[in-house]
């Protein structure tokens, strides 16, 4: 069995879509946020695999940036969720619907 | 060996991914996230990206998930109230992500990436060239990231400090 | 300064007077009257002077024009040149004399008749405007100019008929007159368009020359339905005359128009406006082919008969005169239709001229009566005025005699020439049926006039107003006396010779006395018939109406009494028109209004507006407020875009 | 700054200056506006007089760049077609300013600013030799219209009317804008919006028929909506009925002529083949205006709705004149445009005056006003008579020319149009006179009215009437100016027809009969 | 390396840091003034951008400073000035730290300026993330208000989702083409334009940018976030974030993937058309001013997409010019909303009732802004729409799909008249039932308003210079 770049991509795609399903389906904001991390990680896997496939390091640099950005996003996002929870006493997506129509 | 490890990591990633998404409460999800991140790191190792593997594990497993757990504990929320999902969201969400997956796989199947990967690559132990690249060609985005991190810091303070002016 | 400048001045003077009154002398009654009367008097004098001088010089037709509109495109036929000008020939000069002469007397008469009216200045301004418009028709050099003044006559008659606009009847009558005229003008304008499209010209002289030298270009242009365009053009132009001269079927406005002040009735319905139709036919006689002329004659004859019948049973003194006018106009139109080699037109113009005089006389006389009886117009509420108003009575009798066609009054001569034109054995274009109709009318006319005179002037006074009637002042009676002269003598002046000359007809004047006895000489049978029937009518009416208190005719006719109802109710034309034409327009209007309000403005406009707004509200439903829904919609949308645009 | 640029600039400058006028000085705003529009009107008269008759080209040209890269310039000039429109617009603008004195007693400053913008805009539009600017300036009127009707308008439907008129105008403008842009894109690079150059380009290299056939209807319907072409007309009576007098005067009188001007100036000469293909439809639709709207007018109880519908009906004559594609018809159409502009302003001004006196325009509640209102009543009679095409007023000359022009191409349409002009028009106009001025006073609604007494109140009406009469008695003052310019337009529009005929003759030489058409070239 | 080219961004970032430092020594009651000083400095930087002769590439082609970049940087700088002044005005609503708000605004602005010069996918990603992450905070900055937080979370999740999608797209593009630089991609994209995976990658990146410009299908967040966020933030989102999205879109499509852009004309036209319809139709029933502006911003995103969809130099320059006009217009509208909302305590359209009496200046500014948003002369919006329409009509000669876009655009304008004029109606026709007290406007804000109105008018009445500049800038794009 020859593991090619397609296999890596397939895994990353699966992870991407699992994460997407989490974002779309789960009601808990924290889990939604974790699912978003899954999606970013899926991209990371793809980038590293393709970086190797393409024989250059630019993809890995990109992954480095993504990890950093993800960290920053997590920090801000979680702070926001905390602030929300403090006011709303909830972190449920479906209860955030005062702005609509 | 490489193949075996790949299959192992991949299976684990998918399984843990599903578990994260399907986790009963945030704590469970966060806990499943840890091995997932490690497995992703494992894949990085398999691909020869040792530096990134280290960062992956350090940042995600070490920092991000810890913060998640922190927050979960802080907020003291464990079980989702009511139904975890509603049926419409489930259908729409799973449907759309399934459709996306379908598209991606279709695209993948149509592409001819060849079988280049897996073999010996010139990129072995690439930490030093990666560092060079980061501080030469990519120094500008790197610096911008520093601003971004600063923004994140400021933002977190702004959003969570107790005292309001 | 050329001599014809005199006519320009005569032409423009009334306009100047109207403008001056409107702008400057509204407050000054005497000045207004003075301006108006002065203008028309001067016009009359200038016209007369010019006529005398040119007659001395034996001048032929003269024209003087300014360009009113001129467009010349590069495509063939894309050219329109319209002048405004004066065309001077015996026809127009005679007509000018009639218009200004009779008009002048009516102006003067109005000073007395209208003296207490608050709208005195306005009255004279309108009168001057009317005179100006009428002169424009008479002097027109081309179809469009004629149409322009045609319209102006229409509007100034509207203003005059509706002069007492506060009275609903008067206001309605003005409106009716104008709109009915407009219907005729509709045909007139179409006729002009048709003629223009054939000849590329609108000038009378150019078209007449064209026809004289190259034949009628309309003949080659095909047919509309079964009517050849040449005939159609003639009939359309005739429509204008039908409207103005109140021929059947557009005759309905004229009796109503009696709501105007009586001098106006005299002016409009005797000398000018209604005569304009006949004048126009004579002016444009070259355009009518035989077929069109036949139609014209038929319409004229029918109108003459119809109106005479209606006149028999009217009670309003002015309406009787109005129907009589209608009837006489029908006569004239019939004569034009029987033109032949100019005999018909000659007869028509001749009758027009004499009729203008004596009909004005009759109207003014009626006005005098009305004035004296405190605006009483019903003849059955008068009576015995003979003794109290001698001047009016005697002049009225003269006018009546002329209208009856009794020799040697002027009416006899002109009517005789019409009868001769209708008699097929004299005029090759004559027509037996029309001749018979003409004879019947010749009998009916004296009948209803005698009825009028008997009831209104003879017998005893039936009301207090009639009992206390006084003779009118001199300013009113003098014009009556003046008008009585032509009523008597106009037949002896050989006026028809002038027209005959113009139309190229043969005039039967061999001796100096043939002016007086001409009719008996060249067509004694016709003359005798006419005279005999006139006498018969007079006799029967005077038998019937002597000392009558109510109209005995319905009883006398017995089983045929319903005929009198028909006559009295004017054969229900107003009602029919009301039901058919007015109602049709009204129905169209209602449908259009409904459609406008409910279909276009409602269904389509409000509908599309509502639909858009509804779609807006539906679109907004996507905005559920749930961020996962947003995310799902976004992803689904993206997938859809990919499937549609990237894969398909 | 030449005479023409001053005409356009003065209203805008006055509006700008008025922004800084103190709010307390209520009447000052009107005086400034009167001064500005008066100066504009005088300059327009001077322009009209100084205009050299008989020359086909543009005079008084001036240009300032707007966006050179796209070939857009502030480019003004007058030729025979628009010189009359500018005169008419300036006079109506002055009259509209005058009549507003009594009516607008609140927020004068804003009102006159908007009015001046409206006037300046439409004059700029007429004077523009640049297609973009032509459109650009026209749109200046849109927002003022909206605000003026909304704030100073009247009637229960005011709100609906404001939106309806605005939306219709935007629909029309957008469609015509699309058409104009499409037209502009047909020219080769470097492109220009200069209408003279474009006309030249399209004469030398006609647009492909397929494109013309697409562009022309865009322009025809776009402009048509702006001119209330049937069946897109319902905004007009409603909007005018609700508008303050000055707005109705400007809009019905002047601004509406934009679309017609555009058809004559741009659509017909630049898309001749498209025009040949589509104008028969326009000729048919114009009956909708003339007959249908005439019928609708007959049914109206409200004077403003009657006038509004009649104004829509009159547009039909212009459409017919344009559709005829003859010099007579087009010249007549321009004449009708000028005449109707003056007339519409006059009638709306008078009805505004009447409304100011009676506070109602319901004709069932009026009657016998002529006694109390000799001047206004007389003016109204004259206006109504002009409205039903009485000779002596400029309308007659124009309409008659339209009939002459259209007769050969569309005899049946013309027949019905003549009926509409002579009979239907007379029916509703006389009905208005009968109900308002004639007859007895309405017993339920006795009012005491004040006639226009001083010169200030009479001047606008007298001015409009005088202009109508001058052009009615001497239409040549206008037609001799219009003719050379219109000739170029008509020839451009018919050029293709000539060519087609020639081709047909080449194809079938046996048919030698109709050689007359060869003279055209 | 030529790092000096980034002087403008460096200055802005330094200013942000400086504000944060100054905050430490500034007494609480005077902290609001910091924003004014910052605005003045930004104005100075804006001025400097005209004085300094900056152009060229830096960081190995990572950063490019051409006419288009400069154009957008100036727009951003101007927007920052107005936003800062606005936030000074509404400062009392920002209880959690006004100085931080200022500096975050500056950082976000810096991100936009970097984005304007991005010439590499990494750079694109990083600068976009700088903007997005900063906006997470800016949107929820008014954290005493529940709706601000709600808006923040919505922006966060949808933004993160779109980032993830975009990142995945970058991964795919990189994987197929093996390059992150736009120049490199340009060379290779034609060869890969048949690869579905590559196309999906490009499409995913486009989706990420679509989120920024609130175009279909990532448009649904906009109304909620505009409504929930504090007014200066909404303004900055509407103007700056959209501008950054469009400059990146232009560069990406026309520098990196020119051949794909050609193929995608119909797709882009569809996105544009649907966005226009969605924004305009959705705006009809709105009563909340800021929500209305949210929908309107979607609609304008659609209009701006028209220029992109035209796939021509004319279209690109039209987008630029339109964006310039939109910047002035939206800023003016939001500034008026900010002031009015402050005095009347409400963001409903009815809060504008009687504005013409309370403040004729605001009424005039708002009316002009609404006219410009509608796209009527003589305002900037008209000229922009004209150029857009022109480019699309030109394109329609080759591709009939554009006719639908034209129809949608025309329909959109008509619909927009309906709801924008409803606001004008409220300003002028409806008498407010609240007091008629005149509204005070601070000098800096009136200056900003004046600048915005002047900008709208200049672009509408004398756009010669801007048009030439835009055409030249687009010409350099290749």
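Per-chain residue numbering starts at 1, and chain names A, B, C, D and E are given in the order in which the chains are listed.
Quick note on the criterion: a contact is a pair of C-beta atoms (placed from the backbone, for glycine too) under 8 Å apart; a residue touches a chain by one contact, two chains touch by 3 or more.
Just so you know, these numbers come straight off a predicted model, no measurement behind them.
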| item | value |
| --- | --- |
| B-E or C-D - the one linked by more C-beta pairs in contact | C-D |
| Identity of the most central chain, Cα criterion | D |
| Label of the chain whose CA centroid is most distant from the centroid of subunit C | B |
| CA centroid of subunit A to CA centroid of subunit E, Å | 26 |
| Rounded Å distance, subunit A centre to subunit B centre (Cα mean) | 6 |
| For subunit A paired with subunit C, centre-to-centre distance based on mean C-alpha positions, whole Å | 96 |
| Interchain centroid distance [CA atoms averaged], subunit D/subunit E, Å | 41 |
| Contacts with 2+ other chains: residues of subunit E | 122, 125-126, 129, 133, 136-137, 140, 143, 153-154, 157, 161, 165, 175, 196, 199-200, 223-224, 285, 418 |
| Residues of subunit B engaged with two or more neighbouring chains | 89, 92-93, 96-97, 100, 103-104, 106, 108, 113, 137-138, 141, 145, 148, 151-152, 155, 159 |
| Multi-partner residues of subunit A (at least 2 other chains) | 5, 9, 16, 19-20, 23-25, 27, 32-33, 49, 51, 53, 55-56, 58, 61, 65, 69, 72-73, 76, 80-81, 83, 93-94, 96, 98-101 |
| Pairwise chain contacts under the document criterion | A-B, A-C, A-E, B-C, B-E, C-D, C-E, D-E |
| Residue numbers on subunit E that touch subunit D, as the complex places them | 356, 367, 371, 374, 376-378, 382-383, 386-387, 389-390, 393-394, 397, 406, 410, 413-414, 417-418, 421, 424-425, 428-429, 461-464, 467-468, 471 |
| Interface residues, subunit E side, partner subunit A - complex | 121-122, 125-126, 129, 133, 136-137, 140, 143, 146-147, 149-154, 156-157, 160-161, 163-165, 167-168, 170-172, 174-175, 178-180, 223-224, 227-228, 285, 291 |
| Subunit B-touching residues of subunit E, taken from the complex the two chains share | 6, 13, 20, 28, 31, 58-60, 62-63, 94-98, 100-101, 103-104, 107, 110-111, 114, 120, 122-123, 125-127, 129-130, 133-134, 136-137, 140-141, 143-144, 175-176, 195-200 |
| Subunit C partner contacts - residues on subunit A that touch it in the complex | 20, 23-25, 27, 32, 93-94, 96-101 |
| Contact set on subunit B toward subunit C in their complex | 89, 92-93, 95-97, 99-100, 103, 106 |
